[in-house]
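Here it is: the structure, laid out below.
To keep things simple, chains are lettered A, B, C and D as they appear, and every chain counts its residues starting from 1.
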Amino acid sequence: MQLGMIGLGRMGANMARRLMAGGHQVVAFDRSADAVAEVARHGATGAASASDLAARLSVPRAVWLMVPAGVVDAALADLSPHLAAGDVVVDGGNTRYTDDGPRARALAARGIEYVDVGTSGGVWGLERGYCLMIGGTPSAVRRLEPIFEALAPGPEAAPRQRSGPVTPAERGFLHCGPHGAGHFVKMVHNAIEYGLMAAYAEGFNLLKHGEPFDEPADLGAIAELWRRGSVIGSWLLDLTARALERHPSLDAFEGHVADSGEGRWAVHAALEAAVPTPVMAAALFARFTSRGEDDFANRLLSALRYEFGGHREPGA
Amino acid sequence: MQLGMIGLGRMGANMARRLMAGGHQVVAFDRSADAVAEVARHGATGAASASDLAARLSVPRAVWLMVPAGVVDAALADLSPHLAAGDVVVDGGNTRYTDDGPRARALAARGIEYVDVGTSGGVWGLERGYCLMIGGTPSAVRRLEPIFEALAPGPEAAPRQRSGPVTPAERGFLHCGPHGAGHFVKMVHNAIEYGLMAAYAEGFNLLKHGEPFDEPADLGAIAELWRRGSVIGSWLLDLTARALERHPSLDAFEGHVADSGEGRWAVHAALEAAVPTPVMAAALFARFTSRGEDDFANRLLSALRYEFGGHREPGA
Amino acid sequence: MQLGMIGLGRMGANMARRLMAGGHQVVAFDRSADAVAEVARHGATGAASASDLAARLSVPRAVWLMVPAGVVDAALADLSPHLAAGDVVVDGGNTRYTDDGPRARALAARGIEYVDVGTSGGVWGLERGYCLMIGGTPSAVRRLEPIFEALAPGPEAAPRQRSGPVTPAERGFLHCGPHGAGHFVKMVHNAIEYGLMAAYAEGFNLLKHGEPFDEPADLGAIAELWRRGSVIGSWLLDLTARALERHPSLDAFEGHVADSGEGRWAVHAALEAAVPTPVMAAALFARFTSRGEDDFANRLLSALRYEFGGHREPGA
Amino acid sequence: MQLGMIGLGRMGANMARRLMAGGHQVVAFDRSADAVAEVARHGATGAASASDLAARLSVPRAVWLMVPAGVVDAALADLSPHLAAGDVVVDGGNTRYTDDGPRARALAARGIEYVDVGTSGGVWGLERGYCLMIGGTPSAVRRLEPIFEALAPGPEAAPRQRSGPVTPAERGFLHCGPHGAGHFVKMVHNAIEYGLMAAYAEGFNLLKHGEPFDEPADLGAIAELWRRGSVIGSWLLDLTARALERHPSLDAFEGHVADSGEGRWAVHAALEAAVPTPVMAAALFARFTSRGEDDFANRLLSALRYEFGGHREPGA
């Protein structure tokens, strides 16, 4: 089918290419003309603006926004005047789930459907496919199924564990619930990701600094080893093995680790529901700390140690 | 080659069977005659005692202990009088790495080699193979290579990410360093495992109790979905999907979660090396807490709330 | 001066009594006629309703609300129609700081001042005085100064550490900033309190279960000991010593520890500002866990241990 | 009575002075002749060596070691040849409790008593008195009671909360149990201290960076405010108020926070006893992190973010 794609960054451009490889037709727009030209080289129809994109799509339109969470409202303001009843808009970015309901209601007032899709896969999605967590009305979700099918990895991406007909989840996309449910599940997904990453990072840090033997541990070989047969095999471990093979000392990285919002929102949702999430919170705080956000607290600790014990620490 | 196997529990019996399937000859002993009979049915030579096992092995002998960490010393006391210079003993269980050096030195005084092997794979190892983390002298490790090769999953167990000749790590076994290094790496592996498990457990708890939508989330479908294309795909997630499909409410489990020592030892090693491991520690404490070990602390909190605020909590 | 007091629970009734002991005149209302009668017995003028209270106060009025955070809006709706330009309303409860700005603006539109006061002191405040964290306009705060002075503990409540004229902070009340600043500082105060309480609770739990000696530690004596000369002396430790002397085993308490909102809001504010607060979060999660909120997570851990290791835990 | 004091650092010198102020006679030795001269100026008898100190004491001798944990064995090796049956040695430093039993047994073989005393009070102890946590035999502890009495703060250091005769705990010293019990209780004390300090540090960091108002919070005034009437009043808060008044920005401190062993030993003891101590562990890890010990872990996180998402963080 035909899809408009707005936002041709790393994610959007690759998704457009995967859709076209799956036989779909893509009309593409981005503020960067170069990004449009690049995806046009792969077969997409380039659009010069959101209104141009809307004009080039046959009705009822389907448009996928793949832009940063902070500019979704601006992108919708740009696009929606050119949409009509019966059209459907997808927000495939990392939007906070609480923003989806209001947007859906505003569009529904004009007969336009809104679907939120949490999209996982990163730069590998072009090749591996994207894992899609979907919220919206059943009819809108059903209508977009060919798109989801083409973007998703498909059932063969993991060994089958169930019997009976193959479910959508096994193909890599799932209608998780009403507006916001897709982004909610994606938010939890990312918070789990933070926890998993932190567990590996602590482990390799412990191997590096805690091993009591003369020879330093070969961290890249250990990561490679654990990929096979161990309980902790995972895709993140695959990537860890790649990273440690190429950069054994990781000197190319400074380790000021960003967080993109979902981790904070997830812990916030946990606070509201009284769900204990010590691992998620620890992983998130470690990222804050990696950026020096503990600085004032540490200086107060040094000051207190000086006050009660006369301890002079560096700088005191 | 020929191997003596002492300890035929879930792990040892399956390892014996995988070795025999790989063309090796196994002489097997366990305190349970039934366990010996069972593995003999699969082709092993049964032994009636450790001394009988030693007598049935051609010299130089290779004996693999697959017994709980707490009885390794007893098993060695039982076996070693019947060993001779040139023999090699493997401890494949979950021994603390600090115990390996002393044992190795005691055996080395009699010309016997000691090899520590951290073994991951659980009840699935028979089929998937075992991930082997190995410590000891190069000569002893080299001599056991056919055994490791047969137990390990082999390179095809994960997509290859390196070029050049296939390394042992890619086949699923790795000589990690001197005596103790195998168990050290296995200890860190298990602590990572605790962290990964806790991250998933928190995430599904948050999906269950934190989702703000009317329809409850289908946790089994979400786990299945994430297996394909997402950043958090892993073997533990595969198992999570299996568990949630069979037991959607998990009512079959009470949730008093055991810990088998490695998590504690890993955090202890981190303390000694000043390595921050907040995720590992949080995962470990969550297990303690699941067993009610926070009870007195919580009662003190209630008592304090009563003292300063007059708050009466249930039971006060 | 004269003050209307609405809400005569543990906190409000004691505050009214302390104000009267300080020479102020109190007009008091509560939904419970008994509570009104009780405080009238101590010299207050009882009111039959919010409108009656407003009628009994000379203009410009000053009214202090001491009600649960969840009913402040209702109390304001009840009261404010009977207020006039020039009056001032204090919210002395545990309101979320983000609610103060909107309320202040709504009242300001009618010329009514709003002051938020975080109040610490618990059931001991009648005797010890209340620590007051204040937000609002300078003029409104200045006008209420006699009230704050009477409620606060006064400078002699702690050894003086500064020279120069005694500051309001040293008398026990502080104008912290604009609307919301009082409740913000109180929120942080309570989150610190959670952390302090958890530190003591962990310590006494460790003394109880971790001491490797034959004789059990005398926890009450240890708490008493630490009150003098140690680095960890505090008012919470004073209360701990009291509680442990009366209830050495703490059997009177079940340990399902409530949290009253500020801890969650504080961690949420930390998330928004990227401030790492691992201790506050751990203390909060421990309270959630004390109420069984980790149950589903723990059951998933047991289920996973069964899946990969065949471990059968109680109930499995 | 007469006491030998070995180790005249900040703690030992002040303790000697407090003892002399209490009417006791002190014979003092330190490797630094200047330190000996200084305490001699306050009335002590200086000794030129451990053997000289032993010679100057009347038998049965009482000698107090106030040296770093790492040199206690050396100090004992230096001193003990000059001791005789009936003498008593006190280790008043921050020794690990597991070291006390072996030392006590070695000395007991020669008829010499060993007493372990955890000493809290820091540089303020000269004036405030020291809180003493004591392990050893009842007879040895009883014999040293005049010394403990003089060092301890005395009952008036805190408001009395009990009736009946004043107990030793209320005077500021307590016989906690057999050899090691004093240092065990001190170890837990210090781990609580870490947790308390971290709770305040997080709170003030949150006030500094999380307050959503235009005017920055006056942290020194807030600390001063909380000293009176609030639930979180404590000696550490007194010191916080002092530090923030003198150094509002804390720029004099770099915040590389040391830890002196007890925190690690306490968490280790908690691991061994399966006692959850998330706050203590978080406080300890924050200190490790303040010293950059999370560096490699953070760089791995950055590397992973680059691998899966193409995210380039500073330095990548």
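The rule we apply is simple: a residue touches a chain if its C-beta (ideal position, glycine included) is under 8 Å from a C-beta of that chain, and two chains touch if they have at least 3 such contacts.
A quick note: this is a predicted structure, and the numbers were derived from the prediction, not measured.
Listed options A-C, A-D or B-D contain a single repeat of the B-C interface, assigned here to A-D, on the basis that more than half of the contact pairs agree by residue number. Set against one another, A-B and A-D show the most C-beta pairs in contact at A-B. For this pair, chain B with chain D, the centres built from the Cα atoms lie 40 Å apart.
A straight line joining the Cα centres of chain A and chain B is 32 Å long.
Averaging Cα coordinates per chain places chain A and chain D 48 Å apart. Of all residues in chain B, those that touch two or more other chains are 122, 198, 200, 202, 205, 209, 231, 236, 242, 272, 274-278, 282, 285-286, 289, 293-294, 297, 308. By the touch rule above, chain A contacts chain C in their complex via residues 231, 259, 264, 267-268, 271-272, 274-278, 281-282, 284-286, 288-289, 291, 293-294, 297, 308. Those residues of chain D that touch chain A in the shared complex are 10, 122-124, 197-198, 200-202, 204-205, 208-209, 235-236, 239-240, 242-244, 247, 250-258, 278, 282, 286-287, 289-290, 293-311, 313-316. Across the complex, chain B meets chain A through its residues 97, 120-122, 125, 128-131, 133, 152-155, 157-159, 161-162, 167, 169-174, 176-178, 180-181, 184-185, 188-196, 198-200, 202-203, 205-207, 209-215, 217-218, 221-222, 224-238, 241-242, 245, 266, 269-270, 272-280, 282-283, 285-286.
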